[in-house]
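Every chain is named by a letter (A, B, C, D, E and F) in the order it is written, and numbering of its residues begins at 1.
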């Protein structure tokens, strides 16, 4: 099963961005996606924190993969992930308390982000270190990208700002609902719809191309 | 100091948990063949049931249990089947490809409606209303239930509203067989090239008023067929596929082309005596 | 024998029909709503007129465009979306900026109706989803009320109505407090007579209980509205609030006030009764009505907000598939001795 | 149920379609002439086709038995006219199916006398004698379902019948067949009841009539044979009061169990026309060769009730009765449950109680079908308390299993009440029929 | 992994090795990071607290923390003392006591609201308020954090003690926006009555507990002033 | 440390601050297992159960960590203990009652690594609940989760028969329903005060 080291790594990286985007395609790790995307900064911080954890845990899991028996696989993986999450938690606290406060419990909850354990299980435990890092990076960045889309939309409509910068002249009426939970659900729902539409367009084009060539 | 306590604490905790899990594994382990999961992963997940099992998982169980061979899965491709066979160390057991075939040739250009059906445009619904209004009671209603039910896009309605099966796409799942209210589809090995494309149980030339390609039960095919390959039953020819059937003789003198030869390359071929029909538009509905 | 020129037509039985039709039902609901709408214009003036027009137009237009977009035949002709728009307009504060009215209407029809599959499949009442969305998006604007019967209501329009799109409204003039917020925050109970006649401030269409009841009775008599639902709501609210009023008359208002204040009348008669999102059996609709009644009472008496009709109906909409599932009619020949 | 059951002779739910019976109810039964060619399907009932006893070219006399029953679920056929057997082959029927049948060419100018057979003497006959006499007389339910009457009368040993209900409700709009039969054939009906009581062992017989036939009730009550346990009961005018389950509920307040038969609650229901035929044919040892039907509807000029030979092609019948030019739909039976005719070359069979012709005026363009709006009208209409709304949605998505298991699809008797009231114009009955077809197919396959 | 299991026995050693080994490795990692980041984090937290204290006590530039002991007496706080029992005294450039910052919390519209407010014993008034944490609706309830008109209430909110010196003379009381007449009233926010009432409630309850104690022991704080305040 | 009344805790956890609809916890199973009422109900039961178990575990561990003064081990020890305990329970059920396992068991691994469970453990620690409060909190959160799941499942089953445009079928429409449900749950605001 294990693919040769680093071969096809770029592919591992690319796939997470769009084709197997963890949010839009796999619909994984939804809790942080919805909870912390009420502003662009939060979304970016969360995305980066997650990427950090996923890359490091993928690395460690892949290194130790032949050393861990099946029975305690999950427990060990979680242990590793929890460690890196704790590390990230302290790092963020050291960098900025404000960001830490904004992200709230969701930093700790990166542990249970289905995406990370999913990658550890499905990819890192079967592949070499290089490929696993690339996979983690791709997934992490794809995840961050999705968070940013969501956070951007919600912040622009919900507060009239993007990354804290005012986008509208004074007197803009913010759409409070966008920052509220229901706004998160709606926005993600609509983004998925847009994503589906783009994808079905692409698929159609591909089908037409195939028909033409064959 | 703080380092030692915490490493020790975690060590102790994990030791405890590991012991617990080990104990639990000893005490509570339930045997399940891990190969089932692997095989299931290799199957196409269509859950179509063409293999004769209720879904991919049960089929995987049967495969691992040696009760079935990978060839039964008609949806997967050759590589997929070979991979499973490899994995389990068994033969592929490839079967002859089976496809769905339609026993009707009465498109709207050759077959007439005797009443105008109004209402839900599905075959099933139409069949509830006086059989659907088609002149031939047995004929295809042309409303495309089979096309809609086929998950594999193997059926398209041609311009005469008659379903056409794409042999490459058909997985022989049998959904169309169940869906057709006129029971016109059946699953046939592709090697059955002699084919009776009619179900009309009436006899005589009068029925040509309803459908120009109906079998009139003239019995020429039965007469021409070598050693009893074709016999007449209920005014229809029946091909006995257990005999050698690679001859086109029976179709040659059929006056309407109700018995045909399905060629690998050229598709459906009628006999020389069959009346040529060049009409492309629909026949008008019969006056009352 | 003669051959007739035409082919016989074959159709499924029955070959006759009662003549009832979805568009007839919907059109009658619109008729029943018109007096309510007229009164709202009478009491709140041009502002209410503009609000109603904008609400109806945005809903109808959204539905039409959605159908276009999905390459389906347009469904505005069945009048259902006209009801949605009209009812939605009737639940809004009269001085709400028109751009907010349009946003809400579009969201409600697109998200709560079209994406669920259009008429007949929406799980929630689209008009109320619109309103709930606005309430959450623009809570301040949605709780700013104009007094009823202002003398200049037919000649001038509050500045907030024509707020530039996406800008925050600026309110001139006096703002009124609704009977419910007077009750909740100041402990004042408005006289029932004023409530019945619609002399109070509030959402455009909720103030005149009498006209709402008249419309409801007309529809119920024509079997276009399930009378069990409003009846169950009224009974439940009356019963619960009387009970608490007897226990502590200081803290809890009397039943008359509870019934005729806020959106209860409009909600119970026209919105809870939306057939699409309510249970289908008689017993089911009674249970549904009781549930709404309980939720209204609980939210009004103990919740953070003065009014709970909208939330109560939306929550009951969510429960209604379960009611339908659990309360099936007893099939003939089963389970009776 | 929230409200107590009302004390009245009716069932819950149901609908009130326009009755449309005034045109024909006052017209006495008239005899119909013979068509140039008669078409006699050998399967005019539920069950197996009869076996022909004649050859092509053979001459037969009116009333002669031309086909014998093939087993118990089958009845005999009799020649409707004296004539010659033209052909034996497949003949078209109302539901589009081709079934085995006989083409008979009547002799023009023949006297058309009907000969007597072996009579079934009421005084001596055992129930078994009567049952076999009914089978030999070719009698099937004339109420519409065409179920072989002798099969229905063969009560299982573990069932005790206490009441015989004679179904004279005739709840379908337009039809007045039973109405006329009850006015004109009272002695036959009372004779038939005597046979039926003998067969079933019932203690009493009730003739059930709807309140729109009070004249009939009066006349029947006036002529009730003294000393016999026969009464006449009038039920509310409501569709489908004539369905046997509804009638049993209305008259006796009993419910036939789901999937069960009336005999499970000690009742047998027989249509009045069937009863009258039993009373008319059995004492003479004859078989059915004609029946009374209503020819009506806006597309017919000479509307009326006719005694018509079985096997008369509709084309002939319609032309005789005068058909308007713009007739666009013809259906056999009433407008609620009747089947649309695909062509006029279809014969009248024993189960035909009438045919109605509609012109283009009544049948405007197909009404637009809306999605179900959950109005609940259908739920309030269904006499069996099913949930047609949900059934319709499930059928549309092909979820037949759920329809059967959770929503009692198989109990639906296709009365059409739900589709009649549906404001969304959903062809509910058609969907249910289709679903049942598929379910039966699946059951047969497994 | 792919091979079929050989029998039921589970090898014990690899499991311990994996789980305990990885566990200890992780523990080590965490502790290391913890130890490394601890000083930075503590400094951050202290700064944040200080900023808040200085804000609710305008003019203060240094602070000292005090703990309310079991015996109802304040004494200088040690690291690790439970925060709810801790108050912070703020001093101006001259080392004079500006006031005491106290934490309070209570249920708001959505969730618990936590605030820090400054009490000046000299003026017998609350002189500043900051919301530390709240989940109130943005644009509505969160005006309690930002709305200058609302925060204006807390620049001189009267909490003077009554004659007996054990209770507040006029408990803090919320009124509708624009209806404030007395110095102990809080002008509410239109559209966020619930949130503004919640703040009033927190202050009323908190002041009942803290103010008499602080007022009577004000000497303790005053005497702590001077040059040795923290930063 | 916290003096909230048990009723308030319950109402808040169950309705006002519903874990799924207000806190966004446990969204993956909420989206994934809400298509069928039957499975949703069972999943809800399993979540309630696991929440109770992990609430108790977390309470115990927290006492331990306070004793050895190592708060930085909180996360890691919570998660491994919860994960292993649930795994243990899973094996136990599988062995002892295969029927029950078929009902609940298949969800257990799914739940273990679920935000709602860990979130519960972290929140109860943050709020400083005592043992009884923890239990009530877990119960409220579990029931609230189940409620949201069941409401969603009812609507999704209904939608199976609907003509939902194919672009929004699946997750997109589920999210929109969740949004509307979340809007409706805002009606409960202030109930716990």
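As a convention for this text, a contact is a pair of C-beta atoms (placed from the backbone, for glycine too) under 8 Å apart; a residue touches a chain by one contact, two chains touch by 3 or more.
None of the values given here were measured: they were computed from a predicted structure.
*Asks:* Touching both chain A and chain B: give me those chains, sorted by label.
*Replies:* C, E, F
*Asks:* Of all chains present, which has the mean Cα position farthest from that of chain D?
*Replies:* Between chain D and the rest, the longest centre separation is with E.
*Asks:* Provide the C-alpha centroid distance between chain A and chain E, rounded to the nearest whole angstrom.
*Replies:* So the centroids are 34 Å from each other.
*Asks:* Measuring centre to centre with CA averages, how many angstrom lie between chain B and chain E?
*Replies:* Roughly 73 Å, centre to centre.
*Asks:* If you average the CA atoms of chain A and of chain F, how many Å lie between those two points?
*Replies:* Measuring from centre to centre gives 22 Å for this pair.
*Asks:* Can you work out the whole-Å distance between the CA centroids of chain D and chain F?
*Replies:* 61
*Asks:* Can you pull out the residues of chain D that are in contact with at least two other chains?
*Replies:* In chain D, the residues touching two or more other chains are 339-344, 366, 371, 427, 430, 433.
*Asks:* Which residues belonging to chain B are in contact with no fewer than two other chains?
*Replies:* 2, 6, 9-10, 13-14, 17-18, 21-22, 25, 29, 114-115, 118-119, 125, 128-130, 133, 286, 288
*Asks:* Residues of chain E that contact two or more other chains, please.
*Replies:* 1-2, 10, 15, 19, 22-23, 26-27, 30-31, 34, 109, 137, 139-140, 194
*Asks:* Throw together a list of every chain pair that touches.
*Replies:* A-B, A-C, A-E, A-F, B-C, B-D, B-E, B-F, C-D, C-E, C-F, D-F, E-F
*Asks:* Which of the residues in chain E end up touching chain B in this complex?
*Replies:* Where chain E meets chain B, its residues are 1-2, 4-5, 8, 10, 12, 15-16, 19-20, 22-24, 26-28, 30-32, 35.
*Asks:* If you look only at chain F, which of its residues touch chain A in the complex?
*Replies:* It comes out as residues 21-28, 31, 72, 75-76, 79-80, 83-84, 87, 109, 112-115, 117-119, 122-123, 126, 167-168, 171-176, 178-180, 182-183, 186.
*Asks:* Which part of chain C faces chain A closely enough to touch in the complex?
*Replies:* For this pair, the touching residues of chain C are 97, 100, 111, 133, 136-139, 141, 163, 166-169.
*Asks:* Taking the touch rule as given, give the residues of chain A at its contact with chain F in the complex, in rising order.
*Replies:* Where chain A meets chain F, its residues are 27-31, 33-35, 74-75, 78-79, 82-83, 85-86, 89-90, 105, 108-109, 111-114, 117, 177, 180-186, 188-190, 192-193, 196-197, 200.
*Asks:* How about chain B: which of its residues touch chain E in the complex?
*Replies:* That would be residues 2-3, 6-7, 9-11, 13-15, 17-19, 21-22, 25-26, 29, 31, 33-35, 38 of chain B.
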